[in-house]
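Okay, so chain A shows up in both of these, paired with chain B first and chain C after.
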Partner chain A sequence: MTAAARSDDAAFAAQRAAQERRKALAPWLLMLPALIIVLLFFGLPTLYMVRMSFNLHFDQRLYVPGFTFEHYINLFSNPLFTGAILTTVKLALVASLATVAIGYCFALLVWLKPARWRLLFIGLALAPLLISEIAIIFGWWMFFPKNGLLSYALLSAGLIHDKVSLMYTEFAAFVGLVYVTLPYCFFILLSIFDGIDKRLLEASADLGAPPVRTFREVMLPLTWTGILVAFSQSFIWTMGTYATPSALGPDTLWTMGFLIQEQMLGKHNWPMASALAVVLVAGVAAVMILTRSMQSERNSFHV
Partner chain B sequence: MTAPAALELQNVVRRFGAVVAVNNVSLTVGKGEFVTLLGPSGSGKTSTLRLVGGFEELDGGAILLDGQRIDHLPAYRRDTATIFQSGALFPHKTVAENVAYGLRMRKVPKDEIGRRIAEALDVVRLKGFEARYPAQLSGGQKQRVALARSLAVRPAILLFDEPLSALDLSLRLQLRAEIKRLHDELKFSAIYVTHDQGEAMAMSSRVAVMNAGAIEQIDTPETVFHAPSSEFVYTFIGESCCLPLRIDGPDLRDRAGNPVPLALGERPADGECRLYVRPSRLRLAGEAASLPNRLEARIHFIEFLGDVYRYHLKAGALELAADHAGSIGHGVGDVIAIGWRNEDMRLFR
Partner chain C sequence: MSERAPRSAEPLLLKALALAFTIFIIGYILVPILVTVVMSFNGAAMIRFPITAWSTRWYADFLGSPQWMDALKNSILIAFGTAAISTTAGVLCAWAFQRFHIPFRDGWYILIMMPLFMPGVVLGLGVAIAFGGISFGGYALYGSRELVMISHSLWAMPLVFMLMEATFKTLDYRVVEASHDLGGGPLRTFFEVVLPMVSTGIVSSLLFAFVISLNEFVMALFLTDRDTQTLPVLMWLSLRSAGTPRLAVASVILALTVFACLTIIMLWYVRQLRKVAR
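Our next item is the complex of A and B:
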């Protein structure tokens, strides 16, 4: 081989190597803007919040730099806080389950109906997203009280004999939470349904499976991932949200969101509020990991 | 008393709003018979099949399977098995689980299920693919699994809903031959829906040509091809040239009024008519010399189709296409003779 050919080969190899390096770098470069935003505006404040939760607190000062486990100990020993954790988890769990159940039926209906109904249903599901949470709460305030729409409707229908108020009850808080998270749940599930070949339902029936069996054997396994994703997003939302349950629920409905707000603004105890927030974030993360582990490998075949 | 037919449709009607998709269709499929419903899209062939499978509601008539009425039963209570165009394999189940599905629903004992899976996969030549998922199979393999899944339940009738139309040509021919072989071996009864005349001809015991929701003709492939009962069947079943003519006693003219010197065998009645011939039956130049029907035509353009050259010719207002193996030594613009035998043409009015 001549010297010229060898140097050509070397140049070619160098170019190849450079190309490989660029290829390896490309995904990182593409991710960079999002990564910076996440780290700067989410990672950093979270770390700061964790640090804050170990600071000291005396008198009416917001916080005093230091290091103590006092707030965490307080959080898990004071029945006020443990009760709030339990209430929050219970409310979020029930609301999320109800949201997924309603959202699933709604999405299934839209998927099964002819295409001309689709736009109408999607429009209906989008409508609540155009209104702010606060405006929706005002809406509920007209709906639930003794002289509200619900009471009036039930009375006119002859289902009750005396006006009732459901305002400031756990039920009202529950309904409010479901209402807020339902649209997201619906769209997540609809996107999953849209990935399924409707002929599968016919194939299942054709092979002798009654509808309930078809649901269990075909629909449920194919939508399981969607159910878990919809559940996790509902759960995260309902765990963290503060306005809806405090505005619609009873004064005694102390959720974590409410307590964080109270510790922060009312009691001027920033470390305590941070400790509560850390527990909230950790709890949500734990639920996400749990739901992720419930997704089976097989589901990846459905597209 | 003779044994009942595998399937019988009696005056079946299906409407979609104002559109009559299936208009009074009657059809009998004997045991072991392979009947094809052939027609263009919108002819009602798929609707007819879906009525049998139980995916559409009947608006009139009756459907009998093995002599028993089934049109009131839901799909899952009917002893039919459909092979869908898309295959419709369960993506979350393996090949073996897919084939087992219908057997489990029919409460077949476990060891018997295992035997039948092996048998069905053996028949469609997919042994060793049991643990694969549909996403790991090619298009042709998916359709074989779909076939195995339907065969495994040993239904009273198999319903094929254009199972090959999504595949490429060579695979289509291969699977077509395989379905034919399976039918010869297993002697199942089947209805096969297609818009491909080749498939219909190659596989069927009988072909039912459908148009506008009704069966135009139902007979053996040979009869349908050689003795089509209507203009629609003639034009749908193979390629054809249409020659619009006006007959007035001995005078024969095209639509532009030019005289057309054709013998036409027996002199047909007066009036407007359409004469049809098939490109493969036309003879050109010297080969046309002794034929009773002959025209002088100018070569308009020539297509090379692989096996044959197709000569597009014009004679006055008439347009013809003739196939010829190899070149005839004439080019575009040349005027040559074109002719055909009396038995190779059909007249419709």
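Our next item is the complex of A and C:
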């Protein structure tokens, strides 16, 4: 072996090593922008928020560094906050149940209809997704009040004799919330339906099962996972949404999201706002973990 | 035969129910949209049905108001920024996940997806208190459009990442290998071979991010000031004080911006399809 060949070998090895090092570094370089965003603007603020929730608050200052459980104790003893927690959970529960029920029927309808209707319905379901929540709120805001479309339509139809207002009621908040979450539910459930062989329905009918029984014993078990996912998705969404209920609902309808904004922007009480946010996130996480475990239980049961 | 008779009534009932539900769902989804469109052409100063005078005066009012036009400009600038930031970060990250071995892969995956499941009010609060007082060389980060872009990217980037991860999985990697064999470096291969092949996914990502940012207003409410407030934020603040048909115009214009983007994407798809056909 000549010296030239040996130095070639060495150069080749060095090149190889550099290449290996570059290869090890490459994924991190590629992930860098995403990691900066997530760690610096999500991880860090979250930790900061948790720390903030233990700070003190007095003298009308935004916060005073310190360590206290005062805000958490306040959160679970002050009727204002316990009421808000209860309202949030109740509203989210009712709205999510309704969303899943309506979304399920809607998805079932689209799945069963001939394909030529499909695109039209999907376009319809996409509309609330593409419209800003604020525009949706405002749309309902013009529909429900005394001088709104609903009152006018009922009056012209002769169904009522006096103008009615459903504005600032829990019903209006509920209608708005379901509207905002419905498309997510619909698309989750439609994707589940699309994975089901339609001939199963025929088979069930041929075996003599009436539609109700087919639904209960064939469709429901097959779509159970989808229902759970759709429910948890809309529950999480409605827990965090505060604009719709606070704009359409009564003044007493205080959700956690509303109180976070109130404490942060109105009362300038950062520790309290943070404590509320921490509890809200804990609630969201609990719901996610719960549905995840229900899902896996169900799956293992089937296998 | 006698057994079948009562059963034929059931499909009829089901059909009636299906029809009723179809009418209900179409009405439910269309009501707020139609109300808004109709109200935007109201000639009066009040929101009141029935509408007696029709005019486009509120459109002229919107276009002539510096406050509302500035808000629209802010919204569009922030949406472009969000689209650029989240698509760049999301595409690169998805490529790393596809092509490289990454230690603690699942952990990183969960971390990147997590902001998507966070309520906007929590994200806005976190970013506001963490970056509230920080400024770079006299340029306050808080209240700046850049901070809103990055905050909106917390929602948009995980979506882009998810979409692109799925797109990269469908790629024909023999083409990538061929590019390497022909002497194309990893960078050149990525930009000249991979990116053109996933252009549809990238355009969809840009659109998703743009629309999310354009419509979002809770984070923006926490993070903007008078000079940088977006159109949805201004709408929210005006709704709290008094609703005028100007708000309906703002809704229509916001929606039109989204639909303009959708149209551009549609044209792009059609062009791509033609290219493939040729």
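To be clear about the criterion, the second predicted complex is superposed on the first by the 254 of 303 C-alpha atoms of A that agree within 3 Å, B and C clash if a C-alpha of one lies under 4 Å from a C-alpha of the other, contacts with A are read in each partner's own complex, and residues count from 1 in each chain.
In the analysis below, a residue touches a chain if its C-beta (ideal position, glycine included) is under 8 Å from a C-beta of that chain, and two chains touch if they have at least 3 such contacts.
Since the model is a prediction, treat every value here as computed from it, not as a measurement.
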Of the two partners chain B and chain C, more of chain A gets touched by chain C
**Prompt:** Which of the two partners, first being chain B and second being chain C, lies in contact with A:200: first, second, both, or neither?
**Reply:** first
Considering only touches as defined above, state whether A:42 meets chain B (first), chain C (second), both or neither. second
Check: Counting only touches as set out at the top, which of chain B and chain C does A:92 meet: first, second, both, neither?
Finding: neither
Under the stated touch criterion, which partner chain does A:140 make contact with: chain B (first), chain C (second), both, or neither?
second
Output check: A:173 vs chain B and chain C. Expected answer is one of first, second, both, neither. What do you get?
neither
On the A-aligned overlay, A:275 touches which partner chain: chain B = first, chain C = second, or both, or neither? neither
Once chain A of both complexes is superposed, is A:219 in touch with chain B (first), chain C (second), both, or neither? neither
### Query
So, does A:190 touch the first partner chain B, the second partner chain C, both, or neither?
neither
Once the shared chain is lined up, is A:229 touching chain B (first), chain C (second), both, or neither of them?
neither
Interface residues of chain A shared by chain B and chain C, listed 210-211
Per the touch rule, the chain B residues reaching chain A in their complex are 53-55, 74-77, 80-82, 84, 86, 88-92, 101-102, 105-106, 133-135, 149, 153
In their shared complex, chain C is touched by residues of chain A numbered 23, 26-28, 30-39, 41-46, 48-49, 52, 102, 105-106, 109, 112, 124-125, 127-128, 130-143, 147-149, 151-152, 179, 182, 210-211, 236, 239-243, 247, 257, 260-261, 264-265, 270, 273-274, 277, 280-281, 284, 288
Contacts from chain C onto chain A in the complex sit at residues 7, 10-11, 14, 18, 21-22, 25-26, 28-33, 35-36, 39, 46-50, 85-86, 88-90, 92-93, 95-96, 99-102, 108, 111-112, 114-115, 117-123, 125-131, 150-151, 153-154, 157, 161, 186, 211, 214-218, 221-222, 232, 235-236, 239-240, 243, 247-248, 251, 254-255, 258-259, 262
Residue positions on chain A within touch of chain B in the complex are 197, 199-200, 202-211, 213-214, 217-218, 221-222, 298-299, 301-302
